[in-house]
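Below: one structure in C-alpha cells.
Letters A, B, C, D and E mark the chains in the order given here, with residues in each chain numbered from 1 onward.
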Amino acid sequence: MNDMRIVRKDVDMNDTKISAKGVQVYYGDTHAIKDVDVEIKDKTVTAFIGPSGCGKSTFLRCLNRMNDTIDICRVEGKIELDGEDIYDKRVDPVQLRAKVGMVFQKPNPFPKSIYDNIAYGPRIHGLAKNKADLDEIVEKSLRRGAIWDEVKDRLHAPGTGLSGGQQQRLCIARAVATEPEVLLMDEPCSALDPIATLQVEELIDELRENFSVVIVTHSMQQAARVSQKTAFFHLGNLVEYGDTEQIFTNPKDERTESYITGRIG
Amino acid sequence: MSDFTADNGPTNGTAKTSLFTQTARTKRRNAAETRFKVYGIGAIALGLFFLVALLFSIVANGIPAFKQTFVTIPVELTEAKLDKNGNRDPADLAKVTTFGYKPLVTSALIVALKEQGIEIPFAKEKDVEDILSSSVAAQVRDTVLANPDLIGQTVDFRLLASSRVDGYFKGRVTRESLVRDKNLDAEHLDVADAMVDAGLMKTSFNPAFIFGSDASESRPEQAGIGVSMIGSFFMMIVVLFLALPIGVAASIYLEEFAPQNKWTDLIEVNISNLAAVPSIVFGILGLAVFIQFAHLPQSAPLVGGLVLTLMTLPTIIISTRASLKAVPPSIRDAALGVGASKMQSVFHHVLPLAMPGILTGTIIGLAQALGETAPLLLIGMVGFIASNMPDGITAGFLSPNSAMPAQIYEWAKRADPAYYERAWGGIIILLVFLMTMNIIAVILRRRFERRW
Amino acid sequence: ASARDQVQVAGSSTVLPYASIVAEAFGENFDFPTPVVESGGSSAGLKRFCEGVGENTIDVANASRKIKDKEIAACAEAGVTDIIEVRIGYDGIVFASQLNGPAFTAFEPADIFNALAEKVLKDGEIVANPYTQWADFNADLPAADIMAFIPGTKHGTREVFEEKVLLAGCEATGAMEAMVASGMSEDDAEGACMAVRTDGKSVDIDGDYTETLASIDANPNGIGVFGLAFYENNTDKLKTATMSGVEATTESIASGDYPVSRPLYFYIKKAHIGVIPGLKEYAEFFISDDMAGPDGPLAEYGLVSDPELAATQAAVAAEETMQ
Amino acid sequence: MPVLWLFILVLALGLIGFVLGRARALKDAQGDIRLLHSLPSYYGSNVLLATLIPGFAVLVLWLIVQPMVIHGQVAGMIPERGLSDYGSLNLAMSDVRRVAEGLDIAVEQGALSAEQARDIRTEFTDIRGRLGEVGVALGSNVQPYVLQAAQKYRAMNATGHWLMSAAVIAAAIAGFAIAYMRTGKDMRARNSVERVILILLLSAASIAILTTIGIVLSLIFNTIEFFKLYPATDFFFGTTWSPSFGGGSELGILPLFWGTFYVSIIALIVAVPIGLFAAVYLSEYAGPKVRAIAKPLLEVLAGIPTIVYGLFALLTVGPLLMSIFGQDGGLGWMQGGRSVMTAGLVMGVMLIPFVSSLSDDIINAVPQAMRDGSLGLGATKSETVKQVVLPAALPGIVGAILLAASRAIGETMIVVLGAGAAAKLDLNPFEAMTTVTTRIVSQLTGDADFSSPEALVAFALGMTLFVITLALNIFALYIVRKYREQYD
Amino acid sequence: MNDMRIVRKDVDMNDTKISAKGVQVYYGDTHAIKDVDVEIKDKTVTAFIGPSGCGKSTFLRCLNRMNDTIDICRVEGKIELDGEDIYDKRVDPVQLRAKVGMVFQKPNPFPKSIYDNIAYGPRIHGLAKNKADLDEIVEKSLRRGAIWDEVKDRLHAPGTGLSGGQQQRLCIARAVATEPEVLLMDEPCSALDPIATLQVEELIDELRENFSVVIVTHSMQQAARVSQKTAFFHLGNLVEYGDTEQIFTNPKDERTESYITGRIG
C-alpha cells in the first residue's frame, strides 16, 4: 500500500484564480463560515481539509454561488474570480457556474440515462457540433471519470441504477464534460476503491495542467498526494492555508497539527 | 430545445471571458430564461386576471341581493275576519287561509297610506297591494297562529315589498320599463317614493337572503340561500369524511401495497377513467344504487353527499397517488432500515410528505363537489325543495334539501329578473363558503410543505 | 327507513314554476309539510314516476306534454297502473325580440318557415333556404339579418313549434305541396317541412329561457321563442310579435285564437293517495279556483287558465284514472 | 335511539379492550416493552378491533336483515282486501310503518300509554285523529288490519331490538375475550392490526372498482335497449345528430365526439401551458409569500360554479370573440357568440388550477439535489426546470393533465352555454358545436318519451364515452410508464 | 498518522450469525451477485471489500431483505439468520430488519428534526418507557455516533440541514439507537474525517462485544483495523473470504492480492 507517498510535480504557481476576502456565511442564525480569506491559484490543486461540519462544503459552495439555492443561507464578504466580484449584481451565476464546475458531496445523478447525464452539460453549453461530437465528449468524459468500462454497455440505462461509487464517478464525469475553468470537488473519492481513487487523482492531476481544482477531502493522504495548496478549516474558521508540503510537514497552527496527527476531529 | 447549436460552436474553455460580459450564447440562454420566467409570471397574472374579472362580475351582479326593501305598517288583526267563533281554537284559526289574510293586509296598507296623506292613484284602491310581496299574508298568518292573543290588536309588521318595487330602489326597474309590465304600474313607484319619504319604506340589509329558504317563482324578494347552504354543508361533511379517507386509503393501497401487476394497472386506469365520467352519470348511478336499491330517502343531502363522494374520489386518488409517487424512495428505505414496517413507513414518513398534494386534491375535489349540479338533478335535489331549516343533525342528512349550486342554477333559470340578481348573490355566498373551506386546507397544506 | 311524510313531485321544468307556487301556498295553508318539487324534465320525471309504487318513488310527475302510450305501458309493467291525469292549463309560446330592436311586430307561420326552414319554396322550386334577411321574402318585415333562437330538440316546446308554426308555414307557402308534387311521400314532406336550417341563422337553445334571453340581449336582430310566463316577467326588455294577427295573451290563448300553445299536465299515482299524507289535498289545491283559476296566482304568473277547470276539479275529487 | 346507544356501547367496550389488552401485554412482559413483539398500543388496538369488528358486523347485518324478516312476517297479516285497497303490498306496508311510527311518537310524547298503543282498536278510537294531534299525518283512515299489523310490527321491532342488542354485545364480548386471551408478549399484534388496516385500504381501493361496475350496470341495460331500437352502425358511424320527437331521428355519435374532442383540446391548449407555467413559476421562482397567496387564489378558479363560467362565456367571451372574429371584426369566421372557441377558452380558465396546483405540489417534491446537480453544471433555472425537474415530475404532471382532460370531457354547463347545441363536424373552431356530455344531459332531461331511442341514446352515449376514455387512459398509462424517470 | 496499525483483540469466534448459500441477485437481466456463499459470525466484525460496483451493497441489502423494495431486483439462494431462512414466507421482514439494522451508503436522514430521526426507531420498537428514557436513548445514540457535541444545541433543527459527514453520523446513530443484533454498515465513514472515523471505528469495536457487524469499506486500512473477517468481492463473485489477517497478509486468490496491492479496481 502506497498511501503515504506525496506526489510532487513541478508546478508553476501562477496567478490567483479565485480570491476570497472576509467571507462570512450564515445559515439563519448559525454562523457557518467566519471571516475567511483565501487565494486559490490557477493551475493548482487546492485541498480543503478539516473535521466534519467545519464548513468546507459551505465555503466550496460559495465559490460558485450554489449557496444561492438555500433560502436561509446568507453570504457576506467578497469573492473574486479572475479579479471580478462574483457576487456582483451584474454577474450571471449561470455563467459563473459554467466556469466554476462542481461535484457534490452526495452523488446526485439525474433521473436520466447515463448518456444523458453526461451529455446534459455539453448540450446546454453547446459544446458539441453534432451527435458524433457529443458521443465523443460523453465517451471521453466517462473515461476520464474512470467509469467507461463499467457503463459502456449500458449507456442508456438510468444513472440512478448505478452503485454508489459508480454514481460518484458519473458525477465527476458529468462535471468534467462541461470543461470548467475551476472544478470544485466535494469529497469526490469518498465512495471509491483505491484504484478508482487513483484514477480520479490522475484525472485531477491532468486537469491541473489547464485549470484550477479545489478538492474537499477527509483523507490526509489524498490531500498530500494531489494538492499543491492546502487549507485547513476548523469550526468555520480558516485556520491555516499554505503549501501542502508545509502544512503537512510543518504546520504553523497547533490546531492544524492536532488535526493532521489525528488529535482533533 | 435543440440539443446542439452549431452556429457558434464551443465557447467555453477557449478564450477567457469576463463574468460581467455575457457571451452571445449566455445572452441567448438568459433571454430564454427571462422569457421562461415572464411566461410564468404571465401565466399567473393571466390566471389571476381571469379570477379578478370573474369575481368582479360576480360581486357587481350579486351585491344588490343582500339588500331588500321593507314596508313597515300597522296591521289591525280584526277578530271578525280571523276568528269568527271568537274561541281562539287553533283548528278554527287555521281554517282562515292566506287568501283570507290578504285583504286584511291590503286594507292596512291603504289605511297607512291615507294616514300619511299619500294619495292612492288607482281606480281600484286595492291595486296598491302590488307594492307588497305576496308573502305578506303568510307572514301575518304565521304570526297570528303562533300567537292567537294578538287577534283584535293592531300590530306593527315589517313586510317585504314586492320584487319590482325593490328593483326600483336598486335601479333595476324604471318607470319606463314598467310601461308594458302588467305586474306593476309606474304609479306604484310614486306611492313607493312617497312611502320612503314618509318613513314607511326602507331598503336595508337583508339577513334573510343569507339564512332564509327558497321561495316560489312569484316571490323572489322572499328567497334566501340559507337552507340550501345547510344542504351543501351536510353534503360536504359526507364528502369530506368519506372521500378523503377512502381516497387516501385507496391511493396508499395502490401505490404502496398493491402488487405491480395487470390488476393494479386495471384499477389505476379505471380510476383515471372514473374522473372522465360525466357527473350526471354519477347521478344515474346514485339514483339506482342509493335510492332504488338501498331505499335511502329521495332529495336527501346524505344521498347527494354519497354521489358526490363517488365523483370526487378519482380526483383525490389521482392527486394523492401522484404525490405519493413523488416521495423519494430513500425515505422509505431509511424507515425500513430501522425496522419500521411498510405500514409504519407509509404512515409515519411517506404520508406526511405527500400531504400537500393530498390536500390540493382535496381542495380541488371538494370545490368541484361543492359546485356540482348535474348529478343532483337525478337524485331529486334540484327544484323547489327546501322550505324549512332541518331540525337536528339527522334531519340535516335525511330530510329533503337542495344545495347551493342547485339553488343558484334554479334561480338563474327563473323568469323574474330579481332572481338573476339573487343567483349572483348566491354565488358570492357559495364562494365565501368555498374559501372558508379552502383556507383551512391551505393552512394545513402550508404546514406540510417542505423541500428536502 | 322511516316513513316519508311529504309529497314528492318531479318532472317538467316548464311546470316547475307553477308547481312551486302551489307547493309554497300549500305549505303555508295546510298542516302537511311543503311538497318537494324537483325539476329535471318531463321525460325524466315520468321515468321516475313509472319506476314503481312505494315510498321510494315519486307521487306526482309534472309534464309539459301528454304521457305517451309507451310510457303508460312501461308504467304498467312496473305496477303503476292507476294514473290520474290532471291538465292544469296552457302554456303560450311567443316570438319575442329586443324591445328596441328591429320592428318584428307581426309574423305569419309562413314568415317563420321561410326564415328558418332548411328548404323553402322559391320561384316555384324547392331550394336550400337562400334568405339572409327577413325582408328578402316579405317586404313588410324589417331588413334585418335572420337570427333566431329556438328551443333545442330536448324541449317539448320545439315539438309545438315545429308542428304549429313550421308545418303550418310550410303548407301556407305551398312548399308542402311542391314537395309532395316532387315525389316525396306525405311523411317525408312533413319531415322536410320541420327541418331547421343549420347554417347558423337558427340557433338551438338547449338550456332555458334565460339563455334565450341572454342570447337576444347579445344579438339585436335575434328572435327568441319564449314561454308566455317568461315573457311577461321580462316585458321591460322584450316585445312580442303577433302570430297570424293575434296577440299572445292569456285570454287569446285560453280562447284558442292564438295558435301556438300547449297544455300542461301533472300525473298522480292513485295508489299513493291515502298513503302519502297530503297528496290528494295537494292535487285538489293545485287546481282549485284559488290557485289555477283565471284570477289566481298561477294565471297572474303566466299560466293560461284552463276553461274546463271545473271538470278537472271534479275528476280529481273523484280520483278518476286514465283508462 | 337504541342503535346509537348500542353503537356507543360497543365503542366503549372496544376502548376498554384497548386499555386492557395493552395492560395485559405489558403485564405479560413484566412491564418491559422490549420483550413484546409489538408496541403495547398494537395489542390494545388488536383487542379494540377484535371487539368492534364483530360487534359492528352483527349490528349492520342485523339492521339489514331484521326489516326484511319483519316485513315478511307482517306482510302476511295484510288480507287480500288490503292489496286491493292499497294497490300493492308495498304501499300497504308503507302505511303500516307510518302508523307504527306514529304510535311510537305518540307514546314518546305521552299522548298514548304503552299499553294503549298496544291495545287500541280502530273500532273505538279515531287513530288518524289521535296521531294527527302528535304531528303524524296519515293519508287516510286507518284500516283495522293495518293497525293490527302496525302493532305486530312494533312488537316484533321491539323484540328484534332486544335480540339485536344481545347479539351485538355478545359478538363484541366474544371478540374481546378471544383477542384478550390471545394477548401475550409473543403475539404478533402489529401484524394482525396491520392486516386489518391493509384490508381496509384494499376495500377502499375496491370502492373504485365497485363504482365502475355500478356505472356500467346502470348504463348497460338501457344501452342494450337503445341498440334494439336503433342500429349500432348508424350510431357509431353516423355523421348526423338530429334527434326529433316524431321519430326518424338521426343519432350519429361522430359529430358529438368531434365536438368533445375539439372543445377539450382547446381547453387543454389554454389550461396546460398556463397551468404548467404557473406551477413552475410558483414552485421554482416565486417567493414563499407570493406562492402562499397566488396558489390558493388560483384554486378558487376551480371552485367557481360552472354556471358562472357558462354565463361568462355567453355574455362576455362570446361577444368579445365576435367583435374580433365575427362579421364586425371583418374576419367573418364566426357566426354567433357560441362556438367551440368560446367554450374551450372559458373551460381552459376553469382547468388552470387542476394543472397548476397539482403540478406545483409534484414539482415541489423533486429533491433539491436534482436542481443543484443541474445548476452546478451551469444550467439556467429554466434549463434545469425543463430538462431535469419536469421529467422527474412527469408522472404526476401527466396525472394532473389527465385530470384536467377528464374534467374537460365531463363538463356540461360551459358547453351548453358557450358552445351552443349544434352537432356539427366542422374544422372551424368558431363554429357552434356540442359535446357528448351535454347531449347526455339534455337527452336525459328532455321531453322525449323515456323509452324512445331519443332518450335512451343518453345511456349509449355514456357507455361509449366510458369505453373511449378508458382506451385513452390506457394509452396515457403506457406513455407514463415509458417515460417515467425515477429520482433518488 | 496511524492508519497502518491493525487492531487485533481477543475475539471468540462464536457461532455463525448469518449464513448465505448460493445467493444470486439479478437486477432485471443483470446478474449482480453470482453464487455467493458466506458465513457471518456472531460478535464479529466482517468487512466487505472490493472495487466499486462489484456488488457489496447489493449483497449487504440481501441480508436484511432491503432488496425487496427494488422492483426489478430478484434474490435466489438461501440466507439464514440464526439458522432461520430469512426469505421464508413466514418471516416478517419487519422483524428481520429490527434485528438486522442498516446504515445506507448515501446518508438519508428523514426530513424531520435530528431528535426525531434518532427517536424514530426506539419509538416504533418501544425501547423507551417514557420521554426521559427516550431523551437518554437519543443522547446516548448521538454520542455513540460521535455527533452529540455538534448537534446537542440544535436537536430540533431538521436533520437534512446537516453537513454531509454529520448526516452520515446521524444515520449511524439512528441505526444504533434501535440496538439491532446485526448491524450492516455501507461505507459508514466515507464522509468522515479521521477523528470521526476513529470514533465510529471505536463504536464498531464496542458493538462487536454483543453484536455482529458487517461493514462495507473501500479503505483497506479500515478493514484491517476493525474487522476480524474480510470478504473480497469482485464482479459479483465472492472471491475470497477469511480471517482479515490472512486476507491482508496472505491472500489465496491472486485477484485479492492484486486488489489489496492496488492493481485491480
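FYI, a residue touches a chain if its C-beta (ideal position, glycine included) is under 8 Å from a C-beta of that chain, and two chains touch if they have at least 3 such contacts.
Since the model is a prediction, treat every value here as computed from it, not as a measurement.
Participant: Kindly work out which chain lies most centrally, taking the average of its C-alpha atoms as its position.
Facilitator: Measuring from the global C-alpha mean, the nearest chain centre belongs to D.
Participant: Can you identify which chains form the pair with the largest number of contacting C-beta pairs?
Facilitator: B-D
Participant: Return the chain whose centre of C-alpha atoms lies at maximal distance from the corresponding centre of chain E.
Facilitator: When every chain centre is compared against chain E, the largest gap points to C.
Participant: Find the geometric centre of each of chain B and chain E from their Cα atoms only, then give the gap between the two centres in Å, rounded to an integer.
Facilitator: Centres of chain B and chain E (C-alpha means) sit 59 Å apart.
Participant: Please report how many Å separate the Cα centroid of chain A from that of chain E, as a whole number.
Facilitator: Inter-chain centre distance comes to 28 Å.
Participant: I'd like the Å distance between the centres of chain B and chain D, where a centre is the mean of that chain's Cα atoms.
Facilitator: From the centre of chain B to the centre of chain D is 19 Å.
Participant: Listing for chain C: what residues touch at least two other chains?
Facilitator: In chain C, the residues touching two or more other chains are 1-2, 4, 13, 31, 40, 44, 207.
Participant: For chain A, jot down the residues that touch at least 2 other chains.
Facilitator: Within chain A, the residues that touch at least two other chains are 94-96, 98-99, 106, 124-125, 178, 180.
Participant: Which residue numbers or ranges of chain B touch two or more of the other chains?
Facilitator: 29-30, 33, 329-330, 341, 353, 377-378, 412, 452
Participant: Each pair of chains that touch: what are they?
Facilitator: Contacting pairs: A-B, A-D, A-E, B-C, B-D, B-E, C-D, D-E.
Participant: What residues on chain D touch chain E, complex-wise?
Facilitator: Where chain D meets chain E, its residues are 33-34, 36-40, 188, 190-191.
Participant: Can you name the residues of chain D that touch chain A in the complex?
Facilitator: Against chain A, chain D makes touches at 368-380, 383, 387-388, 391-392, 485-488.
Participant: Mind listing the chain E positions that touch chain B in their complex?
Facilitator: Going through chain E, the ones touching chain B are 64, 66, 69, 71, 93-95, 97-99, 101-104, 106, 108-111, 120-121, 124-125, 158, 160, 171, 174-175, 177-178, 180.
Participant: Spell out the part of chain B that touches chain C in their complex, as residue ranges.
Facilitator: Touch list, chain B to chain C: 94, 97-99, 134, 138, 141-142, 173-174, 176-178, 180-183, 215-219, 287, 291-292, 295-299, 377-378, 380-385, 387-388, 398, 400, 410, 412-417, 420.
Participant: For chain B, which residues count as touching chain D in their complex?
Facilitator: Touching chain D: residues 1, 29-30, 32-33, 35-37, 39-44, 46-48, 50-51, 53-55, 57-58, 245-247, 249-250, 252-254, 257-258, 265, 267-282, 284-285, 288-289, 310, 313-315, 317-319, 321-323, 325-330, 341, 343, 353-354, 356-357, 360-361, 363-364, 367-368, 370-371, 373-374, 377-378, 405, 408-409, 412, 427, 430-431, 434-435, 438-439, 442, 446, 449, 451-452 of chain B.
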